[in-house]
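Labels run A, B and C following the written order; every chain starts at residue 1.
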Amino acid sequence: MGMRNAAAAVAPRDSGRRRGIRTHLPTSPWLFLAPGLLVVGGFSLYPFLSTVAHSFTDARTLRAGRFTGGANYQEMLHDPMFWTGLRNSVLYVLGVVPPLVVLPLLLALLVRRSVPGIAFFRAAFYLPVVASVVVVGLIWVWLLDDRGLINALLEVLGFGRAGFLSDPWLLLLSAMAVTVWKGLGYYMIIYLAALAQVPRELHEACAVDGAGPVRRFLTVTVPAVRATMVLVAALSAVNAFKVFSEVYLMAGAAGGPGGEDTTLVMLVQQAGTGLSGRVGYASALSVVVFVLTLGLMLSVLRANRGEDR
Amino acid sequence: MTGAAGRRRRAAGWSLAARYLLLLAVLALTVGPFLWQLSTSLKGPGEDIYRFPPSLLPHHPTLANYAEVARVIPVWDFALNSLKVAAANVLTNCAGAALAGYALARLRFRGRRVAVVVFIMAMLVPVESIMIAQFMTLRQLQLHNTLLGVVLPGCIGAMNVLLMRNAFAALPYEVEEAAFVDGASAWQRFVRIALPSVKGTLAVVAVFAFMGAWDDFLWPLIVLNDQSKFTLTVGLNYLHGTFADNQRLVAAGSVIAVLPLIVLFAGLQRYFFRGVGEGAVKG
Amino acid sequence: MRRHSRRTPAATAALAASALLLSACGAPDGGGDSDSAAGKVEGQVTFQTWNLKARFQKYFDGVIAEFEKKYPGTKVKWIDQPAEGYPQKLSADAAAGTLPDVVNVSPDLAYPLAKAGLALDIGAAAGKYRGEYLDGAWRSQQMPGLSGVYAFPWYLNTGPMFYNKDLFRKAGLDPAKPPTTYDRLFADALTMARKSDRRIAMLAGAPSIEDFGRYGVRLMDARGTEFTFNEPKGVELLTHYRQLYAAGALDAQALTAVAESAGRKFQQQSVAMNPGSALDLENFKRDAPGLYENIGITDAVNNTGKANMYVQGLMVSADSKVKPAAVAFAHFVTDRRHQMAFAKQVAVFPSTKGSLDDPYFTKEDGTDATRVRVAAAKSLKTAVNYTPVVLSDQMKTVLRNAVARALQGKQSPQEALDSAVAECNRLLKTG
């Protein structure tokens, strides 16, 4: 217990908020914030207002819409594809968030210590992140194909082939696996930056106490990077909910056989793409995605604050 | 040498070996799949690139595909444009996100919570739904078909602001206390004390910003018209022929696209391992 | 967030066009001003092609230089868009009023632009040129519900069916006699699946709208206002495909296949037949030499006597400030001489009358490439573009999903097609 408190003392998560620093001119916070607010306001939030407005019309890509009230939202409720998309987006969050919170942390611990050649390993582990998602899709489709390397291996081992790219459930699982694979390095470096702020003495003190690596991990590391774990959980949950590329590249534009693997953002794209795109309906879907991700993000952050007390 | 020390050294040796084994295992998992692309890019004409089981080693290894990429498209001009866009994106993101993140984490003022929520909301706006609206704004600003227009909408990412806020919030309060007592202004505390302590997260933001700008495809495609201004991802798309794809060229193109990022990462990675220890508190 | 969402790039990411549609420019009949193309041919014309610069820079530089010389006082600025994202690029430009003067479009892209009043009516502005083009090509640029013609016909393409003689042989089928009727095709496909123990499929993809067209299904009513592909013939085709899928005669991944993945399967030799074009021979030789040795070439099966063709066109923007020059240039690029020259650069086909009678398209020299070219040119004289121009991407998805449900046995072919027709008609009416 004492160790836990020690960790909390060296890495206070929110000292600024609690103790606050007041000695500054009243305008300066806003000067600090001005560039950021201007850019996100002008190029994200303001344009999104027109999306919200469009969601109440029947606009097409090349045709201004008429006001249709909540018709788009009503249509959505009766659209079986919407429910399939929502189900898959939720499953995606449940499937990829736990591994994406834990595995990158373990990976960060693995590459943290300097051993000869470590720079090479660190850069290599980052490769999946920087490779374009199209290339990644190409590679995994090749690996998971009916006649791909992985099925060849399964066959040699006597398991028989699996329809990674033809069975709707296996397709969804395969896409999740690729998301996790590609996300490892991404979240790893967020953890690395956080771990750098955990003093090494703490670990050493524990080691002297005779604590094993597992106990040290649970009693020192985890509490010290808890804020970051929450951040990673929130970010990966939002990204998972909005997944598009992995499913698109592996399950096709329609989202799997008969659209069974479609996700909400895929539906946004399907509805809104092209010169005949249904901008009104796509906007309504976008608004729903926005509201759901906002709820998801806030609830993850709130759950964390609740635990704090 | 005491027996205990020997035992400890042997144990350390074993643990080092285990560490390398793990590193190699992860390496196989993360890099292995790419070998296929690399191998395809090195295969000469007439080699069956679809055969089963696949052959990973090119029978007639050649760099001709890379030369061909450079012959078909002005790949260096494209790369230079990408570099400009990515470098600008790194600078604006590091500066803008650090400023905003510092204010959100370390300064107390009315409206702070609202400001945090504004950034969270901005981060969640589905990009695909606002791209045309963004393009119309750029046109009004007369910035379409310019590299500046490519950079502008993402030049301070909301997620980077939140990352910086998180980093500043994790700094011990004591770090700034002394300066505060000395009567340093918010700006002075920010530049002299807080910023050097979050180098690790700044490096993360730099990598994300560089990568984001380097990999982005649809936005530069929409903004730019002149081929002379195209970025690498847009330009490499010319390798997908209208009439016939040459998989070897596509593979070579994807290797070219990924190399600078890996080099950048290898160069920056040591900063991820610096934190408070090397920062203002002690030094 | 854009910079960090690992979702945006490439092939795929399409944008749901939001916002700000056209301002007040162009009522739906805005392109009909027939006098707008009259006047002096001068000024700067912006000319946008779709992914042609990397390979054909020299050809186009030549055409442009020649045009500028013929019409002093004109200048052509050529821009070229890469393969991916072309519809999105057009959407953004159309919405912002920045469309180039002359734009390379296929009919399905031209239709929404014409409907929004953004395409000049070529029939009205330059109807005198109509006689220069093949009838079918000219007609393929007509749009249901609109009176005009909205693009100069440009190059055409069509292709044979390639098949793998080795796989035919192994399945006990005669490699010299590929199927020429649907009945034979379906029977051979079942044999192939049975003999290979479901390892080799005959076809890689589920049927698309052109397959329905080729089979002789009436896709739309005569006026192009309603879809009709749920007629008995359509149900019949889908029922056949359902049997094939159940027997393993369609590839297991057929329900998510696209042209590229189908091509890959064929080159991996796990699929025995695949449609293609003369250009593919080159690819087989380079990428899959094992397949190339065993390649067989035959006509695509159809019940209508008409092959399917793909059409490209050149549209003139209705908002162009230099309409006379733009029309003159679009005609210049698509005239007989220049189309012929382009067809000799790459295996595509000219849409101008008489061009296909050129010895280049009629004389065999014993090579496979020439054989494919001659056969394609012959079939193009009567070919049609089966894909209705009003069939939007959204409708294609509807059809694709319905076909998948039928093949998986989740719905009967009749039910699936009925629901797809109803949904497509709804989308058509509200468009």
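A few remarks follow.
Going forward, a residue touches a chain if its C-beta (ideal position, glycine included) is under 8 Å from a C-beta of that chain, and two chains touch if they have at least 3 such contacts.
Everything numeric in this text was worked out from a predicted model, so none of it was measured.
Look at the CA centroids: the one farthest from the centroid of chain B belongs to C. Just count the C-beta contacts per chain pair and the biggest one is A-B. Chain B and chain C have centres, each the mean of its CA atoms, that are 38 Å apart.
Inter-chain spacing, taken between the CA centroids of chain A and chain B, is 16 Å.
The set of chain B residues touching two or more other chains comprises 52, 122-125, 128-130, 133, 153-154, 158-159, 215, 217, 233. Looking at chain C, residues 1, 5-6, 9-10, 13-20, 88, 91, 95, 268, 270 sit in touch with two or more other chains. Multi-chain contact residues of chain A, defined as those touching 2 or more other chains: 44, 47, 50-51, 129, 132-133, 147, 242, 265, 268-269, 272, 282-283, 286. Residues 1-6, 8-10, 13-20, 50-55, 79-85, 88-89, 91-92, 95-96, 98, 260, 264, 267-270, 277, 279-280, 282-283, 285-291, 346-348 of chain C are the ones touching chain B in the complex.
If you check the complex, the residues on chain B that touch chain C are 45-52, 72-73, 89, 93, 122-125, 127-133, 135-136, 139, 144, 153-154, 157-160, 208-209, 212-213, 215-219, 221-222, 225-227, 233-235, 237-247.
Note for the complex: chain C touches chain A at residues 1, 5-7, 9-22, 87-88, 90-91, 94-95, 109, 111-113, 115-116, 118, 251-253, 255-258, 261, 268, 270, 392-394, 397, 400-401, 404-405, 408, 410, 427, 430-431.
Put simply, chain A touches chain C in their complex at residues 44, 47, 50-51, 54, 58-65, 81, 129, 132-134, 137, 141, 145-147, 163, 165-166, 171, 182, 186, 239, 242-245, 248-249, 251-254, 256-259, 265, 268-279, 282-283, 286.
Those residues of chain B that touch chain A in the shared complex are 16, 19-20, 22-23, 26-27, 29-31, 33-34, 36-37, 52-54, 95-97, 99-100, 102-109, 112, 115, 118-126, 128-130, 133-134, 137, 152-156, 158-159, 161-163, 166-173, 176, 180, 183, 185-187, 189-190, 200-201, 203-204, 207, 211, 214-215, 217, 233, 254, 257-258, 261-262, 265-266, 269-270, 272-277.
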